[in-house]
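In the two complexes below, chain A is the common chain; its partner is chain B in one and chain C in the other.
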Partner chain A sequence: MLSYTLRRLMAVIPTILILIVICFFLMRLAPGGPFTSERPLPPAVMKNVLERYGLDEPLYVQLWTYVKNIIIAFDFGPSFSQKDRSVNDLIAQGFPVTLTYGFFSAVFVLVMGIPLGMIAALRHNSFWDYVMTGLAIFSQIFPNFVLAPLMVLLFTLALGLLPGGGWNGGQWQYVIMPAVALGTSYMASVARLTRGSLLEVLNAPYIRTARAKGLSERTILIRHAMKPTLLPVISYMAPVFVYMITGSVFIDIFFSTGGIGQNFIDAAYTRDYSVILGLAILYSVLTFVLTLIVDLVYAWIDPKVRSGLK
Partner chain B sequence: MKHTTIALALSLTTALTSGAFAADVPAGTTLAQDQTYTYRLQDEISSLDPQLVEDTYGSGFARDLFEGLYNQDGEGQLAPGVALSHEVSADKMTYTFTLRKDAKWSDGNPVTAHDFVYAWKRAVTPELASPYAWYMELMSIKNGAAIIAGDKQPDELGVSATDDHTFVVELSQPLPYFDQMVTHSTTFPSPKWVIDAHGEKWTLPENIVGNGAYKLTEYVLKERSTRVRNDMYWDNENTVLDTVVALVIGDENQALTRYRAGELDKTDTPAGQYPTLKAELPAEAIAVPRLCNYYFSYNLESGPEAFQDVRVRQALALAVDRKVIVDQVLQGGQFPAYNFTPAATAGFEVPEIDYAGMTQAERDAKAVELLAEAGYGKDGKPLSFTYLYNTSESHQQVAIVATQMWKQKLGVDVSLENQEWKVFLENRGNQNFEMARGAWCGDYNEASTFLDLLQSESGYNDAKYNNARVDELLAAAKSSENTTPLYTEVEQILAAEMPVIPIYHYSANMVLKEDVKGWPLNNVQQKYYSKDLYKVAE
Partner chain C sequence: MKTKKIMNSPEFAEAVAEDMLESRSFWADARKRFFKNRMAVVSMSLLFCLALFAIFGHQFSKWTYEEIDWSILGKVKTHGQPSIENGHYFGVDELGRDLYARVVQGSRVSLLVGFVSGILAVMIGASMGAIAGYYGGRIDQVIMGAYNITLSIPYIIFFVVWQAFFGRSLEQMIMVLVIVNWTAGLLIVRGQVQTLKNREFVDAARMLGLSDFKIIFKHILPNMLWVITIYMSIVIPEMIMMESLVSFLGVGIQEPNTSWGALISEGAKTMTFGTIWQLAFPAACFVIAQVSLYYIGDGLRDALDPKERA
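Up next, the complex of A and B:
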C-alpha cells in the first residue's frame, strides 16, 4: 500500500511538468497580452513593463525561469493585474476560502444525501420514498445558478436572515448560502445513488443470510449493508469534491467570496499568465492528491480493490 | 504702471479659494450615528501604490489614502490639497507650488516637497515600470520622456524642492491645463522611508503610510477592504465619515440585490435598468453626465475602399438615429452625440455642427442622397462590411440597432463580429478591422484629452485619420490662451470628414442611499473624496 502511494505520488511530478509546458504555450497563443489595454502603452513604457516582468525574453527562457523559481523558491511569480501581490499571495488568500465552503458543502452533501437516500430505500415505495425522490429530483433540476439567486432573494431580501454575499473572515452566516447552493444538486444525486445502491444491497444473498441468522435490521444495515452501499457514492464524490474545492467559479463570483474561482476567470480575461499557470498547477496537484485519497479509501472499504493495489 | 504689475502678479499666482475641501455639512444637519460608508467595486483594484495604480476604482483608493498637490471639489474645480497655491513663470514653463506646513503622513512625519520630488521621479523610473508613466510623459515634465526611454537618469527629471514647502516643476513645453493634471493619483507623494523598508510589500495594511484623510486597516484581495480616518490628516477635524468599506462584487445584479438589502450605500445601475429603478427609487437612482464618448471608427488605412469616399462616411453617420439608441436601447440618461468631445467637458463650447440641427428625417434623406451620389446603396454598387465590437450585451444591442438602420435606410449590409476584450483590442490596434467600436474617457477635464485621439501620430488613432490642419490646430491649442476657436474648427473638420461616427456621450448611472450626502454629482470625472461625504440621520 505504501509503495503504491509513493509510486502514485512520484507520477505527479512529470505530469505537472508536462501540464506547465502545455498551459504556458496555450496561454501565449491567445491574442493580446497582460498589458494590452484600451489605452495602448507608448513603446518606451511598454518596453520597461515587459522588461520588469521578464516578458521580453524568448519564450523558452521565460518558461525555464518560471519552473526554476518554483523549484528553488516555491515562487509562482508576480500577478500582472494586482501589481502589489504575487501569485503566492493570491492563492494563500483565495484558496482557504474555497476550501472552507467547499468542505462544508461536501459535508452537507453527505450528511443530507446519504440519510435521505437510506430512508427512501428502507421505506421503499412508501410516502417517504416519494417525498425523498421528489425532493431529490427537485434539487437536481435547480442548478446552482438558479438556486443561488433564489436563495438570496429569500434569505437576504425577503427574510433578512443571511448576508447576500461576501466572506468577512469566514463567519458562519457568510458560509451557509455558498455551501448549500454549491452542494444541493450533488446532494440530490448522492441521495438517489444511495437509495439505488442500498436497495440492491438489501436484496443480496448475504443480507438474506444475515437476516436468517436473526440479526436485527439495525445491525444488518450498519455492519453489513453500509460499506457496499457507499462504494458508488465514494466513487461519485471523488471528482465532485475536487470540483467543489477548486472550480466553483460561479459561486465565487455570485457570492463575492474572494475565493480562488474568481481569480481563474479574472486571470484568463486579463492574461495574467503566472496566475493562470499557478492555479492550473494548484488544481492538478489537488486533483491528484484527492483522487489518490479516494482510491485509498476505496481500497479500505473494498477488499477486492485492496488486493489489486500492489 | 504699478497697477499693471499687481494685475500681472495676480494673473500668474493662482491661490485656490474654493471652499469645498472637506465635508460641507449645512448648519442644523443631524448627522447619523454610524458614519460607515460601504460601496461596490466591480473588480479588484490594480494597486494601492499611487505611482502604479491604473484603474478608476484604484484611483478612488489613492485619493483617500494619499493627497496630491490639488484636489477637486464637487464641481470638478481645483481645491487645495497639500499645495495651497502655485505660481507660473512668464514663459509658462516653470510651476512653483507652495505647500502647506501642517500636512503630515499617517506615521507623523511632515509631508514635504521632497516627498513629491521622490514620487514624481519614481513614477518615471524604468525599473518601477509603471504603466502610468505615460501620464507623466503627457504632463510634459522636462526630461520625463527621455528618462522613461532610458536615455536619461531619473534624477534629471525637471522637479525640485527649493525648501521643504516649495515644489518646483519645469516643463518641456507650456501646457495650459498642467495644474488640472496634478489631481491625478500618479502625481501623489509617496513615503520613501516606507518603500525603502518594505519594498514591494509597502502597500500591505500593516506597512502602508499615507498622507490622505484615511488609512488602510484591512485589505482582503477580491473581497473587501476597510479605510478609517487618519488622525494625522491636516483637516481631520472636518472629516465626517469614520469608515469606508469597499466590497468587490463582480455581478452587477447581485450588487443591486445587496444594495436593496441594505448591505451597500452605493452601487452601479445594471445596464438597461435605469428607467425601472428611477420609477421605483426616484431619490436614489442617479444619472449624471460623465466624461466619456462612444463612437464607431472607420478603418481609413486598410478598410473597405468605399470608406475612402467621404460621402459614404457621411451617409452612414447621418443614418444612425442616436435618439433611438439613447432613449430606446441604452435608457440610462446618455446624450446623443453629433460631435466628438462631450458637452460636459470644462471650457468646451459645443460648436455648430450642421447635421446636429436637422431632424432625423432630414438626415436620412441626405444620407440616401449622399450614398447614391457615391454610387452605392439601393440603386448602386452593394456596400457591405463587418462591424467589430467587444463581447458585451449593450455593445451588441447598439450594433444591432445601428446596422439595422443602415440596412433599412441605405440598403447597406453589415455583418457583426464580436470578440473577447483583449483579442478585440489587439485587432483594433493593428487595424485588423473594417469598422470598430470605440470609446474614450477623459484623463483630465479638457477637450484635448478627446481630440488628441484623432491627431495623426496618436497611438489611439485607430481610424488612422490623418489631417495636417487638425494636427496643426491641436498643436496650437497646447499653448493657446483661448482654445475655443481652435477646438471648434477641429470639431467642424471632423464633422465634415467623419473619420469616426460619434454615437453618444456617457452618463454615470448609480444608486446612492438617500442618507449619503456630499457626492460630487457635478464632477464629470466622478472624482470623489470620502472626506467630502457624510451621512445624515434618517
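Up next, the complex of A and C:
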C-alpha cells in the first residue's frame, strides 16, 4: 500500500513538469504580453520592466529559473499585473475560500446523494424513486451556471433568505448557495449511481444467502450490501472532484466569493503569466492529489484491488 | 406486421417474407424502435423546431443582433419588455439590442458549435480508439497515455488559457472544444476493436491484402457505428454545456456575437434590476435543447444498444 502510494506520487511529478513546460511555452508563444497595452510603454521603460521580471532573458533560462524557484523555495514568482503581490499571496488569500465551500459541497454531494440513491433503490418504483429520476433529469438540464442564477432569483430576490454573493469571512449564509450550486448535479449523479449499484447488489446471491440466514434487512444493508454498493460511487468521485475544481472557477465568479477562480480569469485577461501558470499548477496538483486519495480509498475498501497493489 | 387475416393466402406469405426482410437490417430495426419511443420523437421535433428557429429566425426580426435601439437605451427596465408592436418580441438587452435577434444568433452559435465540435470530437476519439485497439503495443500505450493525461487536466484551465491567448472566434472555440474532448468514445471503441479484430471478416480482409487503414476505417469502424452514434448523442449536449459555461465566464465567443451561455450570463447579471426576460428567453432555449437532447440520447441508447435488443 505504502509503496503504491509512493509510486503514484512519483508519477505525479513528471506529469506536472510536462504541464508546466506546455503551459509555459503556450503562453509565451501567444502574441501580446502582460505589458502590451493600448498605449505602448516607452522603450526605455519597457526594457526596465522586462528586466525587473526577468522577461528579457532567453526562454529556456526563464523556464529554468521558474522551475528552480518552485522546487527550492516553493516560490511561484511575482504577479505581473498586480504590483507588489506574489502568486503565493494570491493563492494564500483565495484558496482557503474555494477550499471551504468546495469541502462543504463535497459533503453535500455525499451526504445527500448516497442516502437518496439508497432510498430510491430500497423503495423501488415508489415516490422517492420518481423524485430521484426527476432530479437526475433536472441536474442534466440545469447545470450550475443556470442553476446558480435561478437560486439567487429564488432565495435572494424573491424570498430574501440568503445573500446573493460575497463571502464575509465564510459565514454560513454565504457558504450555502455556492456549495449547493456547485454540488447539485453531481449529487444527482451520485444518487443515480448509488441506486443502480444497490439494486444490482441486492439481487446478488450472497444477499439471498444472508436473507436465508434470517438476518434483518438492516443488518444485510449495513454489513453486506453497503461496501459493494459504494465501490462505483467512490471511483466516480475522482472525475467529480476534477469537475468540481473546474466548476469552482464559475462559482467564484458568479458569487464573487473572492476565491482563486476570479484571479484565474482576471489573469487570463491581463496575460499575467505567473498567476496563470501558478494557478494551473495548483489546480492540476489538486486534481492529482484528489484522484490519488479516491484511488487509495477505493483500494482500502475493495480487497480485490488491495491485494493487487503490491 | 402488416398481414391479412387468412394465414394460408399468398399475401400473408408475402407480408411475412417482407417483414423478415425488413427486420434483418439493424438500422431499420433501430429506426423502428426509436420512433416507437414517444418522448424521443417529441424531443426530436422540438429540437428540429429549435434548429428552424436558429436558421430562419432572422427572417422575422426587425432588428439585427448588433443594432442598438437608441429610443430604448437607458430605459430598458420600463420600455424594454417583450412586445409585438415595436418589434422586440423578446424585449431588449441591457444595451438596447433586440433580444429576439440575439437569441436567434445565440442559438445558431451554440447549436453549431455543439454539433460540429461534438461530431468532430467523437470522430477523432473513435479513430484513435480504433487505431489503439487495432495495433496495440507501443501505439496503444502512447494513445492511452495521452488519454489519461487529457482526462486529468481540468479542462477549464486549458480552455481559458487558449481562449485568452489565441483570440475568441468561432473556429477557435470549436478547435479548443475538440482538443479538450478528443477522448470522447475512445475507450469503448478501443475495447470493441480489440475483440472485433480477431473476427473472421478482418482476417479475410487482411488475406485480400487490404491496407490496415482500409481495414480499420472501412471494415471495422462501420461495425461500431452504433457506439459512435450513442456517444455523439452524449457528447453534443456536453459540448453545448461547456461552450455555454465558458461563454458565461466571459472567455467565450467575442461580442457582439453571442451564444446561449453569454446571454444567460448577461441576463443573470441584470436580473436584480427586474429585467427578468433577459434571463428567461435564453435560459428557456438552453433548457429546451438540453431536455430534447437528453431524451433523444435516451431513445438512441434504447434503440441501438444490443443489450437492449430482445
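Everything that follows uses one rule, which is that the second predicted complex is superposed on the first by the 302 of 310 C-alpha atoms of A that agree within 3 Å, B and C clash if a C-alpha of one lies under 4 Å from a C-alpha of the other, contacts with A are read in each partner's own complex, and residues count from 1 in each chain.
The working rule: contacts are C-beta pairs under 8 Å (C-beta built on N, C-alpha and C of every residue); 3 or more make two chains touch, one makes a residue touch a chain.
Worth saying up front: this structure is predicted, and the values here are computed from it rather than measured.
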Ask   = In the superposed model on chain A, is it clash or fit for chain B and chain C?
value = clash
Query = Is A:253 touching the first partner chain B, the second partner chain C, both, or neither of them?
reply = both
Ask   = Touching A:157, do we find chain B (first), chain C (second), both, or neither?
value = both
Message = I'd like to know which partner A:269 touches here: chain B for first, chain C for second, both or neither.
response = both
Task = Applying the touch criterion given at the start, work out whether A:40 contacts chain B, chain C, both or neither, answering first, second, both or neither.
result = first
Ask   = Which of the two partners, first being chain B and second being chain C, lies in contact with A:298: first, second, both, or neither?
value = neither
Inquiry  = On the A-aligned overlay, A:15 touches which partner chain: chain B = first, chain C = second, or both, or neither?
reply    = second
Query = So which chain B segment collides with chain C once the two are superposed: 199-207, 235-243, 271-279 or 361-369?
reply = 271-279
Request  = Under the contact definition given at the top, report the residues of chain A touching chain B in one complex and chain C in the other.
outcome  = 30-32, 149, 152-153, 157, 164, 253-254, 269, 271
Request  = Note which residues of chain A are touching chain B in the complex, please.
outcome  = 30-33, 35-42, 44-45, 48-49, 51-53, 81-85, 89-90, 93-94, 97, 149, 152-153, 156-157, 160, 163-169, 253-258, 262-263, 266, 269-271
Note = The chain A residues in contact with chain C across the complex are 15, 18-19, 23, 26-27, 30-32, 137, 140-143, 145-146, 148-150, 152-153, 157, 164, 239, 242-243, 245-246, 249-250, 253-254, 264-265, 268-269, 271, 276, 279-280, 283-284, 287-288, 291
Ask   = Which residues, counting only chain C, touch chain A once they are in their complex?
value = 149, 151-157, 160-166, 237, 241, 244-245, 248-251, 261, 264-265, 267-268, 271-272, 276, 279, 283, 286-287, 290-291, 294
Ask   = Residues of chain B touching chain A in their complex?
value = 43-49, 52-53, 126-131, 133-134, 137, 145, 148-150, 200-201, 203-204, 220-224, 247-251, 253-254, 257-258, 260-261, 263, 420-423, 425-427, 429, 439, 459-460
